[in-house]
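Here come two complexes built around chain A, the first alongside chain B, the second alongside chain C.
Right, the complex of A and B next:
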């Protein structure tokens, strides 16, 4: 079976895609995988391993240059693309996997002939609806700026029907290096190099047995060279092959949201990731169990990937101080539990929950962690259609949660408050559904120009409700999409609105059911415990 | 080095002071050329820039065009003919030449024939409606891109023209795909 995997994003994404491809190959051992990647990602070729049997280059940079530079003919770009398409079609692929999930890749796949195509793609210029609920989720929620309950790779893999697992083996424990990856691809995601330097100096005093290595790519040499690092700290401008060798013997990697982080996660290296700017701990955190992520608590974090920081100083970067990182790194190196000391920061430990990436907040309200866990299970139930089973496996979900969470530490009152909020939300969604129904009639009578006015009115109601009630936006953010997107027809708008209301209601009902069951289980267990105490 | 034929109607077709430095600065201003992709220089004139460019890009197939046969002759008499260089005149256009990914203009060599050179330059770049269609013909494509007026031909204008158009043909799909690269 010949498979073309299309990975046309950046290097960090390609590294994550490789993990999905390995899982795909595990499920389909006879697959011969060809990888289409950008010219700018070719440096990774040396470490792609045996999973990929052929690499085909998409000359993105060259094509962009032809298209925008003055002294080039558009036909040159056309001819080059046509030649690539011919080359791909001559391979006669059985399956095309779109790991990229953008318009470019979806349109490119429209040009490739294959009996099976997975992921986003066009058919004769028209977007094809997603095959599964995970695909819809990945397109509607994960690709946007919304909060997401799952890691990018978990969402992507499931949207392609790839059974991705998280490594259960625990941490690889190299004994030689403590590595500092000092730069990211975006200035607003960088922790300052001065702080990294100070961090190295302080940690070095406590752990002289390790070699401290500052990692940077060869093209970052000019930036890194201009900074002073403490004596004895090695600076390595490593190629990918050299980097793999270093990481194999690394005890701890301290990094931002970088491609090195994703590579290290696949090697199961323990990491301390410093996430700021647009680095989103849920979407792109280190998929390596027992790694830690520190994030700021400023209200603007995480910001949009596409905008530069409007602040005069990077507030989020300022919030993460050297001593915060030193104390957490020491706990990690000593294999000790960590009790957060800076209330202005959020600390998370990466865990494996049902083969999904999960972040366990340290020192946060137990109810907040519980809500996060229930939310993830709720989405799984919804996207896997578990809730439609004659006997939905709620019991298993409750048991899993109870294994991870000590319900005694959560008050009945906080759970009851959440139940109340969700019941209010359900009632509101029912009324919104009625309003949408009335709009259907309006739309049939009036012309399409009325849509934006109807959208505006409903959006106002939406905002009023979500502001007044602390309702979980992730369940109803698709409603927000329907109310803010442009729709070609009134009918299209109403259809999207009604389906998003339905989705919101289903998600809230699942969450409500789990929360109520947990509360009951907690009460029952409480009565058993008190009865046992009486008997004893 | 400057011979008498490097002028047209009394105008010198390169820098009278330092033509070599002019040639080098011109080369620096051009986009970085990827080897193995053919380049055409429109305007040979005194020839310094052509000679330098061919010398500095030995792996690139360089075509140098001039409307005036005397300039071609002048080049042949005064400069080294590198293996990667081919000199062409008006009769060579449209006779199996490739579509050039790079079309470079050396405007100092156009003096006296500016509009004629500009037409050739636009033709090679497929920048006008006629030249766009001419290149499509050369490539054996019956293009669906049909500009109604003499608007500037850019990937945006091609994309806008195809907006909403049925997308069953490979050509339309490729243009729409390319449009995504510069959004």
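Right, the complex of A and C next:
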């Protein structure tokens, strides 16, 4: 079976896609996988391993150069595209897997002939609906700015019907290096090199048996060379092959860079990720059980991937201090539990829940963790069609909650408060929906002044509502996005708002239902657990 | 992204859109128009708009 996997995103995404491809190969051992990747990702070719039998280059850079140079004909780019499509069609693929999930790849796959296509693709120039609920969900959540309860790779793999698992083999225990990846691809995600230098100096005193290595890519040499690191710290400008070699013998990796993080996660290296700027711990954290992630608590975190930091100073970076990282790294190196010392930061440990990536907040309130778990498990329950099964009422999902959480530690009062908040939010959304409906009528009358006034009032009400009720913004994040995004037309604004209201209500209704059921389950804990045990 | 590059990209988008419209006018929808659409998406990814997040960055 010949399979074409299309991976046309960044290097970090490609590294994650490789994990999905290995899982696909495990399920389809006879598959011969060809990988289509960007010319800029070719440096990774040497570490792709045996899963990929052939690499085909997508000449992104060359095409883009032709397209922007005014003295060159568009037809040069067209002919090159034609040559690529012919090359791909000559391979006569049985299956095409779209790991990229964007418009470019969806249109490219439209041009490739294959009996089976999976993921997003067009048919004769028109978008087609997703094959499964996971596909719809992945498209909705990961294409927008919504808060996703799942890791990007978990969502992508399920949308392609690939059974991905979290690695449960425990941590690799290299004995030689403690590595510090000091730069990322984006200035707003960097922890300062001075702090990394100080970190190396402090850790070196406690762990002289390890070699401390500062990692950087060869093209970053000029930036890293200008900084001083403590005596004895090695600086390696490592290619991907060299990086793999170093990571094989690494005890701990401290990194802000997600590409290196994804590679290390697949090698089961224990790591401490420092997430700032647009690095989102839920979407793209390290898929390596028992790794840790530290994030700031500033209100603008995580920010958008598309723009540079609008703040006068990098607030994220300022918040994470050297001693915070030193104390957590020491706990990790000593295999000790860690109790957070800085209340301004969030600390997470990566765990495996039902073969899904899950982040357990350290020192956070039990209800907060439970809420995150409910959200993830509820969606999993819904997207996997578990609701079609007879009993138990919430299937394997609720059993997982019951097994992992000591419900007695969570008070009825906190759950009742959450239910009250959900119900208030629903009432508010209903009234907002009515206001939006009025605006639709005004749009047809083209009364722009009145529409602007309504938009202003809606925004004001939103602010008052969230302040007064202290509703967790995550639940109405979709509404917030609709209200703050720029829309060219009043009708566009209302249309977006109405669909966001509907989406927000669906999210809250699901959370409300499962929280109520969980509260009932808690009350009837004895009989419920025995029933669950009978069935497990 | 520099303003100069952004204006080049916007110009490239205009050229591609015009070429696409011309081809559709004369031939209707074909696989060739789909190739032009693909090139349009490729260019859009580079302009700082809602599709720009998937542009490729420099790597090792």
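Convention: the second predicted complex is superposed on the first by the 413 of 536 C-alpha atoms of A that agree within 3 Å, B and C clash if a C-alpha of one lies under 4 Å from a C-alpha of the other, contacts with A are read in each partner's own complex, and residues count from 1 in each chain.
Quick note on the criterion: contacts are C-beta pairs under 8 Å (C-beta built on N, C-alpha and C of every residue); 3 or more make two chains touch, one makes a residue touch a chain.
Note that the coordinates shown come from a computational prediction; the quantities given were computed from them, not determined experimentally.
With chain A as the common reference for superposition, the partners chain B and chain C occupy clashing space. Of the two partner chains placed by superposition, A:194 touches none, neither chain B nor chain C. Once the two complexes are overlaid on the shared chain, A:344 sits clear of chain B and of chain C alike. Residue contacts after overlaying the shared chain place A:40 against chain C, while chain B stays out of touching range. Legend: residue contacts after superposition of the two complexes on their common chain; A:62 is shown touching chain B, with no touch to chain C. In the superposition on chain A, A:72 contacts chain B only, with no contact to chain C.
With both structures placed on the common chain, the touch criterion links A:9 to chain C but leaves chain B unconnected. Once chain A of one complex is fitted onto chain A of the other, the partner contacts of A:111 extend to both chain B and chain C.
In the superposed model, A:355 lies in contact with neither chain B nor chain C. Applying the stated contact rule after C-alpha superposition, one finds that A:85 touches each of chain B and chain C.
Counting the residues of chain A touched by each of chain B and chain C gives the higher count for C. Here chain B runs into chain C after the superposition, and of 3-11, 39-47 or 165-173 the stretch doing so is 165-173. Residues 60, 63-64, 67-68, 74, 77-78, 81-82, 85, 102-104, 107-108, 110-111, 122, 124-125 of chain A are contacted both by chain B in one complex and by chain C in the other. Interface residues of chain A, counted against chain B in their complex, comprise 60, 62-69, 71-82, 85, 102-104, 107-108, 110-111, 122, 124-126.
Looking at the complex, you find that chain B touches chain A at residues 30-31, 34, 99-105, 124-127, 132, 135-136, 139, 153-155, 158, 166-168, 170-178, 180-183.
Listing the residues of chain A that touch chain C in their complex gives 8-11, 38, 40-41, 43-44, 60-61, 63-64, 67-68, 70, 74, 77-78, 81-82, 85, 100, 102-104, 107-108, 110-111, 122, 124-125, 185, 217-219, 238-240, 243, 259, 305-307.
Per the touch definition, chain C reaches chain A in the complex via residues 5, 8-9, 11-12, 15-16, 19, 29, 31-39, 41-46, 48, 51-54, 56-60.
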